[in-house]
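There are structures below to look over.
Look for chain A in each of the two complexes below; its partner is chain B in the first and chain C in the second.
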Partner chain A sequence: MQYKNYSSILDNIKELLPYLSLTFQYVLLALLFGFIFALLLAVMKLCKYKVLRAIAQIYTTIMRCLPSVVLLFVVYFFLPKFSREVLLIDIDDVPKILFVVLTFALFLGGFLSEVMRSAYQAVSKDQMDAALSIGLTPLQAFIRIILPQAFYYAIPNLANTVIYLLKEGALAYTIGLIDVMGRAYQMNTLSYSVYPIPIFVALALIYWPLAIVIEQLFKILERLMNPIKEDKKTAGQKLKGFKAKYLGFLVQTPKGGAEK
Partner chain B sequence: MLTLTNVHKAFGSNKVLKGVNLTVEKGDVVAILGPSGSGKTTLLRCINFLERADKGRLKLGEIDISLKHAHSKDVLAVRRKTAFVFQNYSLFRNKTVLQNVTEGLIIARKIPKDEAIKIAKEQLDRVGLSDKYDAYPNQLSGGQQQRVGIARAVAVKPDVILFDEPTSALDPELVGEVLCVIKALAKSGITMVIVTHEMSFARDVASKVVFMDEGVALASGTPKEIFVDCQEPRVKQFLARFNNEIDYNI
Partner chain C sequence: MNLDTDFLWSVFLKALAKLPVNFEIAIVALVVAIPLGLLAAIVCNNKVPVASQALKVFVSFIRSTPPILLILIIYYVKKSLDMQGVIKIDPIWYAIFIFSLIEIALLTEVFRSALLSIPATQLEAAESIGMTKLQGYRRIVIPQVLGVALPVLCSSITDLVKMTSLAFALTVVDIMAIAKIEGGFSLSFMEAYLAVSLIYLIVVFVLERIFKIFERFTKSYADK
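The block that comes next holds the complex of A and B.
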């Protein structure tokens, strides 16, 4: 029986990289839907109706205490069965990635709603008073004064959540989604577990810089949002330097373009 | 021009205002004095609907509304005819000094941006901050922040400005610069209601002094009537230290 040779870390990285696009897809989609869901939950938590507050709180507690792999299995195995037998809709053909997105959107709802709630409450109440006193409507005050400040307070926790999601998302391989982690497992199996170290080190070398880039981007964002001007300036320069250094090929204008 | 009648407000079982009446005429500088917890700040916040009173009426120009049941449209109208200066300055932390002042002009009063900037710069020059247009609030001293707060309030050309202990968070040196600005405003004829613990300031600048205690307006009159002639024992007791009659024997 012939098996593949996966002894070179560099070759393994090259082999794994294309599968990263699938990882990006579910991370971004889960973030998008999770964010919307979290917004709803956060509004419920801050509203004046006790029942809504309790519902949002209980939901958050359940999600926090549930291992994500359990939820993933519930969503992936139970939902199609439920849909087929109760709703009489066959969803067996739905791509696996959507189950992953749904699972993590449900998770992030709980997580991010706490991030949003705490950020909102971190903005001191007098900011709202001041905005109302100069004649802004409550909605204008929220959008123009409260939200930008709350967003600033939320950035560190947002960065945490995105990196957490990137890593937790790797569990998608357990339902057979071939993303970058799934492919690593596949390669390991194809090679009869002869080269686990080169394969998984290659995987680590992909995840690691990715997490660092996300971390740094959020740090720049934090400086940009900081309400002190000096910091804004330096952050702007840093961003320019970063672009020039690493993304130069993206912003280069074709020669002769200025003459037109 | 501004009349409050029978204002009641309780926080839970704590009754803070127990039927306060207040009349402010155009051009008046009304100083509200009184011990901490007497309801001065709450009264001021009720005028601007930052707190909802439990009972009472507010008359401001043509507006005549219930403090409890006022519609949000009327609330907005009252807020756009008044301005508030806060004890802790409460500048918008995410906006520059200039933006702090233009915000109310551009967004609430729909004044074109160029004109708003012109007005804002005028007001900031008036409080002596012409070199701080682009600074952020946390780069300023307390006194400077409070002067921005005053410029922000004056810029919207309100019928009446409400000052909530504008100097209480400042050190004695900075108190001077802020009081100077308020004094200049008083001379220019702007109607003001000032809650303050600065007795000599109230005596010298106010046209009318109101003394509040335990949620009611105990006495009111000209500074002389309150500081010199008032026979109300609680007022005399409160002003004793200011009038240098304090008894250090316990």
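The block that comes next holds the complex of A and C.
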């Protein structure tokens, strides 16, 4: 086996970057499934049956009380055993990302259901009444009036959740997933822990800008979704400025556009 | 599917005996982080040149890197220090160090927003009756800040207790490490981690209840 030199932070960043795709995969998948699950829980929390409300509440409390690394291990050791002994299906060669997605979907179900509930309750009841009074059906009123406003209230929490997910997802290396963190750990092992600091600092330099970009994107989204008009206008201009400044290379200006 | 409840119970008891280790890390980190976080927040909000910019970079870095990554970096620093024989101390001190750093960064943000909610006139009024700025902060502003920040502070304390589950990566023998060791001996990892999750469930739940009661007592203070 060739002995590798990982002493350059810049080279390490280049080596690590491709593995971000797996990180994005589980972040997005966990968000998707977590969102669906949370929707169910939020509906349970807002419904009139006491039993359903209590179940959803207890579930959320449990998820809030567990450290993610503990739940990750429980899922990782429980699921194969359960499917082998009860469902009689061998899932030993299922990709590890499945466990990560499942763990964080379980977590996000609890978190996001709280976010959804509080956002829904933040929209005043008059809005629904007003919508119904002008002849919208309850479904129309919910989709056109309540949902956009509730979404606006939920954005800061959503941003926190996504960054939380990105950060906690790094723990997936403990079950052997080779995402960006897992790759850094693997590189460290392959080089016999001679260059741990350049490798992990390179990784930190990947996570840092990533979290900042996500935070800023959600801030722009928040400004765009702001119900007050003037703010929306400036946000649109800011978005244009942002595009011109950072994403200029994506927008191809047509040649000779000035003459036309 | 059968659950080895005897084993689960034995791991539960063994891990429970290590709970003070987790608490020690969390409490020392808090004792360090609350005053330093408050100071950092005041420095940031007063826009002290150089210091406030440096603090902003520090806070942003810590808040956007996964805690486990910071812990691994510290772990390798510890390893090289151990190998060179510079200092040899209990790994728990490294854990306390890194959790304090993380907590300082988190609490700086908490206190910063709490400080912004206290009107500047409070400090001005304190100065107008002859208090020094330090007195004004100590007697007027900081008690109010603590009152306002309490709910977020409490939730960040429970987060810290949960975060101490990562201390095993620093070779600290805490609850998680017990689960790893016991699970490794008997190869029934599932029961071991279930036992640990039970402990966390109880501990964090009780903490949250205590904080809720505590908040009810201090609520009148935050309203004023």
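Everything below uses one rule, namely that the second predicted complex is superposed on the first by the 249 of 260 C-alpha atoms of A that agree within 3 Å, B and C clash if a C-alpha of one lies under 4 Å from a C-alpha of the other, contacts with A are read in each partner's own complex, and residues count from 1 in each chain.
Convention: a residue touches a chain if its C-beta (ideal position, glycine included) is under 8 Å from a C-beta of that chain, and two chains touch if they have at least 3 such contacts.
This one's a predicted model, so the numbers in the text were calculated from it and none came from an experiment.
Partners chain B and chain C, once the complexes are superposed on chain A, both fit on it without clashing. Once the two complexes are overlaid on the shared chain, A:L210 sits against chain C while remaining clear of chain B. In the superposition on chain A, A:V74 contacts chain C only, with no contact to chain B. Touch criterion met: A:A170 reaches chain C, while chain B stays clear of it. Using the contact criterion defined above for the overlaid structures, shared-chain residue A:M181 touches chain C, although it does not reach chain B.
In the superposition on chain A, A:V201 makes contact with chain C only, not with chain B.
Touch counts on chain A: comparing chain C and chain B, the chain ahead is C. In the superposition on chain A, A:K14 contacts neither chain B nor chain C. Computed from Cα centres after superposition, the angle at chain A between chain B and chain C reads 100 degrees (steps of 10).
Legend: residue contacts after superposition of the two complexes on their common chain; A:E85 is shown touching chain C, with no touch to chain B. Of the two partner chains placed around the shared chain by superposition, chain C is the only one that A:I62 touches, whereas chain B remains out of contact. With chain A used as the common frame, the shortest Cα distance separating chain B from chain C works out to 23 Å. No residue of chain A touches both chain B in one complex and chain C in the other.
Contacts from chain A toward chain B in the complex involve residues 126-127, 129-137, 140, 144-145, 148-149, 152, 227-229.
Of all residues in chain C, only 1, 60-61, 63-70, 72-73, 76-77, 79, 162-163, 165-166, 176, 179, 189-190, 193-194, 196-197, 200-201, 203-205, 208 touch chain A in the complex they form.
The touching residues of chain B, when paired with chain A in their complex, are 45, 48-50, 76, 79-80, 82-84, 86, 88, 90-96, 103-104, 107-109, 134-139, 152-153, 156. The residues of chain A lying in touch with chain C in their complex are 61-62, 64-67, 69-71, 73-74, 77-78, 81-82, 85-86, 163, 166-171, 173, 181, 185, 193, 196-197, 200-201, 203-204, 207-208, 210-212, 215.
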